[in-house]
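Here you go, one structure.
For clarity, chains are labelled A, B, C and D in written order, and residue numbers in each chain start from 1.
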């Protein structure tokens, strides 16, 4: 089979770097272009020393949307760009008939007003929202999503939360009321940073909550939970920064409303039968972030606390893999009829 | 003033080591005895290399309760022992008329049945429970507690949780219903460990929930919250292990029931006015565990989430200081009329 | 092409785990057997949670040498066993006509007396030494080594030291006199450990020299350097343990004897032209261990200090990849005529 | 005794912060002024959250040299400033008759030409060099140094290297030839940094040599070693950055020239008898950086490698304590006739 030719825009951050690394060794992909405004002209392996000897001679090119859109050797573009910036690239690429897999937040919310509320500026391309789909592959109910041209990769926190919760809301195991979510993230979730706060001496041996009470990812979490429940869902979400590089765990407390642990697990088993990147752990075994790092899995389990009547669900993932670049490659695989796990094991 | 002569039993763990270090440099204390079954005969500075040059010639002695109780050069004994073991020392020392500051869990619960439920063996000295007081100094309502002979130091998680919550329950800002607590602890909370699970390679870059749904500290948390509320309180408590050596943060979600943030802060300000080891941070500033390490403080703040109607309270402390050894020294200071901060700044 | 069927003995340590992971996704390999005395009967993905969903249904089998040797579905055996234990497996497998790639130290030294000096017990299979080859692929001078049945994988420290030094000794750029080597290793170099010394709290924020003055790896370092120089070479080697999980860097000081930096680089360029797993960095750029983690590369560079007349050579590698499992897979590839990089990018 | 009133200029870096913390709790000191250009007007405990509750109401003041020099409530000024900046403060304070304890490099070298060579700008106050003394207390041969008005605190690397080496050169145990030094430093040695290179994600799990071949500290190392030997000494010095916050270890290889380990230890014992901040470890026990963190000690030991004829000396210290702020306080104590350990245990 001919490898699919692709380009990666804005590859200099952590998720961009990992995306390049995954796609360079992907058996069904050919990396035709890697772009960066700041690094144009620089050989890939100079900017990304971990790719020494594996960069296939690639050099960063400039990042002009129109120029890139004109390239006919690229059929799929991955966008590893900040929110607000990704949209103009998406517009150019879609106009030229290319497909776009967008790792930014620009097309994750269906409502531009909600986007403005959470991102503090007007939506940069509301006319494209109808083209977009929130692409968490395990949660799609039909195959239609693969026909979309604009695939919005979910955020890192949302993936760890939605994967366990959405099937439970769809199946009415949970109503959506009184859900309390606490998430812990490694520092790479903040991206490459030249700030004192993110320096080694400040972050090592330090843990802290942040983003209270309305972290940006809350918007997409609640939109997806609401869609699953069939009515609006409001949750309490508190993210925390902890001293590790990669990995997220989420601890979700939700009233059981009389449902049993067996009913909960039955829903999960049905929803995720045969899915290679979801791992259900037995009740009582809490997933460890370290066991997911370097993999594209999300692991989770639940207990029922008979004293409180709550389910306590814990999940883990690699924020840069299933939470970003790995999921983007998984989407790429599914769109093109490749094995779902290609390049991801 | 003559320094108070004291002994430390079981000083070889992390909280024991820190206790020795704090008391060796304490201006009002004289360390007369340091005991350890496994280290008897070993010079302190050999077993604790961080004390090289500061160990005052001390050598570990044997740990026979009767022998130790017979020493008339020791008026206060600190117990840094596992639960179940501390009680026999407490009994011997109290019989001999000494005071006991116990860092173990043996005298934290008033009800032996609850002790058995959580610690899986019968209470080793139920007859002493009437002598004991749960000694979280900032939460004592009168001076009576200082006349007790058996002082139970609170656990590390409970201190970070009770300090912010108890005044709010007493003042009816919170009812005690539907409280969800998530705590994150550094690895020293598990003590010195020779297990693969606690090895550097397994813990570095790893975060994981554990102890679901009934961690042992839950018993003392609920007993103290219930006493503050005037009725039983049941909470959802999930501890997590994160890759740092010292430090705990707790994130507490509690329904506001229509109370305002101003009312909440007013209660805190009144409860903790002039207390040197409680630091109230402004709403919106979340305490960072690293800022408390090496101090005896607990820092906390709150926000009110208008979307959910919940207060979100976050707190931080050093698990080995305010969560263990520092608090024991603070108790020692208060019992003996020394400045509360002596040896702790 | 038919995948080559192989077995892995003693796969429960860090290098064993990584070997399994690499070979499970290797396009030219089929993992037919994974053995462990302590884990026999346990599914692989239970013992190695990072392999959840990727373990191909494998279950650990027992580890009896004779039984394993009798399996005709395995043509190559990898030994990830302690020194002293590996030899008996090697004997059984060689007798049965299988090939052996041994990650232990048992066949790295040509002289049984030297083995006894450094490993403190008699060599367990001196009769096999003639069958063995010290298999650092980049340093082999002819293709003969691929005909050997018993391949001894070099140690982690030696790989980072021999790769830069051997060509310089062969080319007489260095004489071998007065070489001082300091190496820094992540904690995984000590293997999986249930000792207090290797606990997170003891190793985090801690660095320390160890193994002075005769670390076991010194024996193979000096044997190989001596072979390259054509006369015995004695070096000063000091390893250090530092708070990271993976990665080794080595800093090598050697008198230049009037040779220039250009002469040194010319030798390196000739020796390593076209080798995918050696990366020469420009003088003045020191390799960073983090850039090699997850790769099979060794990176190195040199400066000439005009004040002292010394070359200072610095190198970096992933101790578990090029220093152990990755190198074993590289050997496997070369033995079987597969691309050298198969399964390793 | 009346506490000595002092000021600290430029207290916002790591060594400045620690200096403030040490002096605030020092029984013989009163912190009268803390200055910072960027933080003027900010309460200390806001800028340094670890001092919450212990900042004695101090507020950062402006940093104009003339204004500060005019304050008659300050008799000693500590300078925690970058090199090149410290000198103008020293000039102003000395003119006003104050004493200066300078943590910068401005007065560590006696030769302005050497300063220019290593710091790449002209010496900012060569006329003051005659007033200055290189104040490593344990290495002073007479009491004269305490009469100096300008005390230059040694660098962090030099302290860990000079303390073991200087007595050996003075006693002719070592000649000074062919010494190779490798040092490992925690990241705080680079100061507070807002650079991507010093970010948590780049430094965690990373080790790297740097500053080859002429790190700035080499100049003061060689000047002091030369003075001890009585003739110029040139050494090979390679520093490395490792993933810990605090702590330095140095590994020093030096030809024994036929001297014995007993002779070496005898010199050390005589040189350091009764010194509270030097700890000699038995041969074979390598000092661990973690055991020195939070202390003002330097620990060291040596082995003699009979194969190479070299001594291998290993040392450890806390780069921010004995390597900077603790040593400054030690100097302060000795200048004022206070106990050497005051405020430092």
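Going forward, a contact is a pair of C-beta atoms (placed from the backbone, for glycine too) under 8 Å apart; a residue touches a chain by one contact, two chains touch by 3 or more.
For clarity, every value in this text was computed on a predicted model and none was experimentally measured.
**Q** Could you see whether B-D or A-D has the larger number of C-beta contact pairs?
**A** Looking at B-D and A-D side by side, A-D shows more C-beta contacts.
**Q** Which chain lies the greatest distance away from subunit D when centres are computed from Cα atoms alone?
**A** A
**Q** Nearest whole angstrom, what separates the Cα centre of subunit C from the Cα centre of subunit D?
**A** 40
**Q** In whole angstrom, what separates the CA-based centres of subunit A and subunit D?
**A** Comparing mean C-alpha positions, subunit D is 47 Å from subunit A.
**Q** Using Cα averages as centroids, what's the distance between subunit B and subunit D in whole Å?
**A** Measuring from centre to centre gives 36 Å for this pair.
**Q** Multi-chain contacts in subunit B: which residues touch at least two other chains?
**A** Expected reply: 202, 204-205, 243-245, 288, 290, 293.
**Q** Within the complex, which stretch of subunit D touches subunit C?
**A** It is residues 178, 180, 182, 184, 186, 202, 204-210, 212-214, 234-236, 238, 240, 242-247, 249, 251, 253, 284, 286-290, 293, 303, 305, 307-308, 310, 312, 314, 316 of subunit D that touch subunit C.
**Q** Under the touch definition given earlier, write down the residues of subunit C that touch subunit A in their complex.
**A** Residues of subunit C touching subunit A: 24-25, 49-50, 52-54, 204-205, 276-277, 279, 288, 290-295, 297, 299, 345.
**Q** Quick check on the complex: what are the subunit A residues that touch subunit D?
**A** It comes out as residues 14, 187-188, 192-196, 198-205, 243-245.
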